[in-house]
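Every chain is named by a letter (A, B, C and D) in the order it is written, and numbering of its residues begins at 1.
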Amino acid sequence: MVAKRIPVDLSKAPEEQDTIHNRWHPDIPMIEMVEPGDEVMLECMDWTGGQIENNDSAADVRDVDLTKVHYLTGPIGVKGAEPGDLLVVDILDIGAFEEEQWGFNGMFAYENGGGFLTDLYPEARKSIWDFHGINASSRHVPGVSFAGIMHPGLIGCLPSRELLSEWNKREQALIDTDPDRTPPLAAPPYADTAHMGRMKSDAAREAATEAARTVPPREHGGNCDIKDLTKGSRVFFPVYVPEAGLSMGDLHFSQGDGEITFCGAIEMAGWIKIRVNLIKDGVKKYAVRNPIFQPSALQPDYKQHLIFEGISVTDSGEQRYLDAHLAYRQACVNAIEYLKQFGYTGAQAYAILGTAPVQGHISGIVDIPNACATLFLPTEIFDFDINPSTEGPKMMVSADEIPTAIWDK
Amino acid sequence: MVAKRIPVDLSKAPEEQDTIHNRWHPDIPMIEMVEPGDEVMLECMDWTGGQIENNDSAADVRDVDLTKVHYLTGPIGVKGAEPGDLLVVDILDIGAFEEEQWGFNGMFAYENGGGFLTDLYPEARKSIWDFHGINASSRHVPGVSFAGIMHPGLIGCLPSRELLSEWNKREQALIDTDPDRTPPLAAPPYADTAHMGRMKSDAAREAATEAARTVPPREHGGNCDIKDLTKGSRVFFPVYVPEAGLSMGDLHFSQGDGEITFCGAIEMAGWIKIRVNLIKDGVKKYAVRNPIFQPSALQPDYKQHLIFEGISVTDSGEQRYLDAHLAYRQACVNAIEYLKQFGYTGAQAYAILGTAPVQGHISGIVDIPNACATLFLPTEIFDFDINPSTEGPKMMVSADEIPTAIWDK
Amino acid sequence: MVAKRIPVDLSKAPEEQDTIHNRWHPDIPMIEMVEPGDEVMLECMDWTGGQIENNDSAADVRDVDLTKVHYLTGPIGVKGAEPGDLLVVDILDIGAFEEEQWGFNGMFAYENGGGFLTDLYPEARKSIWDFHGINASSRHVPGVSFAGIMHPGLIGCLPSRELLSEWNKREQALIDTDPDRTPPLAAPPYADTAHMGRMKSDAAREAATEAARTVPPREHGGNCDIKDLTKGSRVFFPVYVPEAGLSMGDLHFSQGDGEITFCGAIEMAGWIKIRVNLIKDGVKKYAVRNPIFQPSALQPDYKQHLIFEGISVTDSGEQRYLDAHLAYRQACVNAIEYLKQFGYTGAQAYAILGTAPVQGHISGIVDIPNACATLFLPTEIFDFDINPSTEGPKMMVSADEIPTAIWDK
Amino acid sequence: MVAKRIPVDLSKAPEEQDTIHNRWHPDIPMIEMVEPGDEVMLECMDWTGGQIENNDSAADVRDVDLTKVHYLTGPIGVKGAEPGDLLVVDILDIGAFEEEQWGFNGMFAYENGGGFLTDLYPEARKSIWDFHGINASSRHVPGVSFAGIMHPGLIGCLPSRELLSEWNKREQALIDTDPDRTPPLAAPPYADTAHMGRMKSDAAREAATEAARTVPPREHGGNCDIKDLTKGSRVFFPVYVPEAGLSMGDLHFSQGDGEITFCGAIEMAGWIKIRVNLIKDGVKKYAVRNPIFQPSALQPDYKQHLIFEGISVTDSGEQRYLDAHLAYRQACVNAIEYLKQFGYTGAQAYAILGTAPVQGHISGIVDIPNACATLFLPTEIFDFDINPSTEGPKMMVSADEIPTAIWDK
């Protein structure tokens, strides 16, 4: 039933493949045209284009070049699509390559952007996760195993010229408020490492100077890193250019809400099958600004959770005003400290929150001055009972048994 | 099986009842002592102590005195509880009074603190929700009905003197950064309307000058407004004073994540049954800072959702840095604009998001500069199909039919 | 919102109350008339009308008079209802009386009809279950606790004269195939203990000789004992007589699929709130023979199960042909034998299967000669881990600790 | 991570492949030895070994040779396994072959064994289902689409000589009660079409005369057709012969409880990944007679259902005694009659019940003389609303549009 298949070659550098691009620009040529109703199977490199290896050292995560990431497969052109339409994308299935049944989770070094908790965990870390059918487990993080909720971290349509211009303007304005910050406030266009797909070289060079980086989610979707865009979900994307131009990549085997480790989920190379349809003039009909979507009937259904609260007070006791970012951070820190009582290192616990299907909820957002966020940690994913009891926690995991020195001890 | 019952009298003012208090202070006397393992049934006034009426005018919401709210029933003393213990609270059941099968949802006026979207909806609004067994519906918001996820908006143990002092210090420091702000950044102690339970008058007067207001969630739980603390859940609260001193109130029939309308959930008077137990020295054993909890096996299980994304760019196009608060705001605004296409007024749609069991997820929190939040709106709660289709939305609701002029049209 | 309330008096014998009946007959007078859209709250005695006590002896279960059971509250008349309509019943809520927070589960003695496994457990047994809010636990069955899925075991409309005649004819034909069987094949009309509600005495006496007993489920619903008819569900009942005549009772706090202990669920006295509506001529429109229903959004959502298979081979090794009854029996026996390895007596395990929200599935029904049934036992309801492990089971329960001698040891 | 892969060749007849067998016998040689903890990927033919084609004629279903079916891949030997152990099988993943993204559902002709409703639907029927990622839909059954719950219809360990003898004895005894029945009561050994795997020809010929047919589920599991044995589940199989000898096949993309169409589910060729482990002496430790299993965390989670009841009264009004088989039949017939009101032919509706993830529950099994069974039909799988309403049903499907004449009209 798959009309077309767009392959990638994992043995080649992404720059050598013209079905791939790593910037957003309206002029990137379609690599394939499809009809509404068609199904397409796209192969994707992992988000770093192969920079990370299946080994026991975090050196590659530490040294990754973050301007050379998010290698997207596409853009796919849809006949009849016009700006203002909604592109209906059914995510039919996602999988790892049969011969590549593994993925990685990393925490960037502080210098490289870090992660959500980079102040606490400033060094590069890596864990390798092996896939056992629908489940993943890691030799670097023992005692835990969970069903994947596979999804594309990054998916969306090409921006129009106007939208691109707006992105560049507003993000540069933010950068200008603190241009020397480490990590930077945003990632401006950077031509040197741009891969503009099938654009001719002169045009590509020029477009690259203004083409948007792929880091943030934006109006078109993009790097939204929403774990719920899993197989079986349906997404409605705004169309900005004729023929839509849908691209995707950054496949994840699993991820927790927030992708807090930044590098981030369980990252993998693989394939994704989609079907496209159109709702003509749907943007206006439904007053759509950002993509909307319907979840899948098929998701890991963990029901037993231990839930951690966080409020918007810093570790040093400073009160912030309704800061949901901080509240979620504190919920995450609380969960990590809890898991350490069972023997996990902080970085291991952090990796669990980044990879397992944890939920991050904004529970209270109006009770001044504290936002309240909650982190739902499924307890069924552990080999042992992590619930509180009168006996207190037992040390179930020993960092000494881990086959690598990459973890903090 | 209920060992003890703590009644309230809805026909009396809360100030006249000594089983009630509306401030946090370590010296508020226990109104009842129980043993670990005991079950207690506490009756509670609605959070305003009866200021809001079941009628078609929002005048009472507009004029509410917010220093006279959060009338809590308690504190309950638990024999043997000591600072550093975890108080294990099983929330056994919650209900409305048989003769009071209704609740209210309000949006405060901007002057009164407003709600999450007070810039867009600055005027006071109210909707009355009738309970039909486990479901609620409103004559002010037609076309929608949902199963309640009843919970106490506010529950926690008395703070120690040290903790209270820390709260006052850090919140005052925040206020001092912009002391004249409307709405204020935080709510400092305010003795005039303090209800100190059974404290003797002289001591009460003095304590009231430092007793913490109940608005924000804090380390002890408090006004966390977490919809998931529903009947069947188990909560582990840090204990700060001998005998713990557990109080609760602000019962909600239902609420969406964030309680975005501020007044906020479907607020009700009613009763709550709990059972208490202790984990001795549990705070240290499990490295607990904020309460942790286990969810209930019995919750409304809506599976079909329409999910709205929001990113941290303001309505005027300003880029903010990883601002989850703003991202969730935009997801909410997107959902409201969507629902308006079916005939709802903005305030009606806003009320739905505040009352129905919507989920607010922090989906992406590391992809600089945009946080990505998602709002999960259950579609099964509507009488009509709200999913996108090629036909476009139909006007299913008419504000003209609403029996009141309180809504924006 | 409750339009009308139909009380019962638990301190009086059911025969003394005229809002109650215990037979099905078209001429039983309506005790209350309601309009479509109305809500009604009906109080109900427990199914035995108070024959069973909260104590530690099974003597009352052993001696129960089974011709004096199923005391139903009703019938309620619905204005405008005509034969051929569908009566739409929303089950809004169900509860125990505040002062009666307990229920009972019994196994009848073989002479009294026994239960599903009466050949293995021929003696009368009883367990008392205490309600702790939404959960039940029993001093007679330690180590297990679960959220109730409250429902009426018995609900339906009065039969027409023709339908009643058909019931009597076909059931008598069955009885005639083995009239002296113990237990009997069916329960024929029995006038002596009939309670015909508000029928005048002469008419009642005559009608009682043909009025249908309430034991079996039939076309109108009746004693279907479907645990899923819980609060929040909607049922569509065929209407056979003018004004429908809806009656109900036999309230259950919880029950497993099959109600295998016969007496059977956790039986309780209590109340039920319903709302009625009509689909005119719905029986024909939807080709309805038996009631159909929609489940509730609010049900205990246990996800972790241990699942037992059974096939249609008897204990003595005899092969039966696609006998789903036998297959489910064997699945139940397999589960009981499994639970005995943890220290439960057989009768205790049997009681768990009768009361807890276990699911009984007909998994395979065509693979000659064996039907395959599966019993889904939720593992989260136990205080200890009952999953298989390499260590083998541990004795977690000791019958010696049970405060009664009613159990087999 | 896959240690070993056992291929099949779909282009060859099953008889030509020695990794396949279609009978149960203790002497069938292991085709591969694995260690506890190993993962294996087995490819499987569809259950008919390729007799059914992807076309619009049911002739192949009508003419299928039922003695040449259930081609199982295996047996796999597990080092260290001994009789009395439990073989722990994790079903890691299941899939169709990339180039074979389709399956079939059939109803056998009455002469060929028919299906559950063969008296009503005596003619052969077939529907082809196309896989669109995780979902299936059919050109023969419009308006319906659902997520697959992939599982092996048939899996289990080789029987011991004693167990095989018991099977043959008890099944022959059943056949002897009505030896000329059509369809037959059971399927006795039949040497002519036996495929005994790698047994040497002389030994194979002899063993074939006593080797058990694969049709029924038995103590070892076998053809249990339990839809819940899906990817992510864990099964505990009794071991009867040294090295266990685990075989499997009859892969289903999806199936409803009961597999009522007999041929049956959505049948497919494909592959299955498993991991094996042992619980030594587990049969005795846990008192295991039939396999037990734990379900997957990843299953289609349809929540909205329309539920049909059935009782044990025949279509002609004859009363049967607690006959769960008949009660489930009536629930199925009721659902089919209901679906016909929307335009489906009876055979189409029947095919939906056989293929979609419907649940069949034994709801009441003790209320003499009627068993009560319920069929849960998920309503979300239909493109249109099938719930009852005051307007009545609309004809949404037209048999005239179906590209084949195989359906009854």
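Quick notes on this one:
The working rule: a contact is a pair of C-beta atoms (placed from the backbone, for glycine too) under 8 Å apart; a residue touches a chain by one contact, two chains touch by 3 or more.
Since this is a predicted model, take the numbers as computed values, not measurements.
Counted as hops between touching chains, the shortest connection from chain A to chain C is 1.
Looking at chain C and chain D, the chains that touch each of them are A, B. Across A-D and B-D, the chain pair carrying more C-beta contacts is A-D.
Comparing the centres of all chains, each the average of its CA atoms, the largest separation from chain B belongs to D.
Chain A and chain D have centres, each the mean of its CA atoms, that are 39 Å apart.
Separating the centre of chain A from that of chain B, both taken as means of CA atoms, is a distance of 32 Å.
Chain B and chain D have CA centres that are 50 Å apart. Shown for chain B are the residues in touch with two or more other chains, namely 297, 301-304, 380.
Residues 301-304, 380, 385 of chain D are the ones touching chain B in the complex. Of all residues in chain C, those touching chain B in their complex are 1-2, 39, 90-93, 101-102, 130-135, 146-147, 231-232, 273, 275, 296-302, 380.
Residues of chain D that touch chain C in their complex: 86, 88, 113, 115-116, 166, 170-171, 173-174, 183-187, 215-219, 221, 223-228, 236, 257-262, 264, 278-282, 285-295, 297, 303-311, 313, 317-325, 328, 330-331, 334, 337-338, 340-341, 359-374, 376, 387-390, 392-393.
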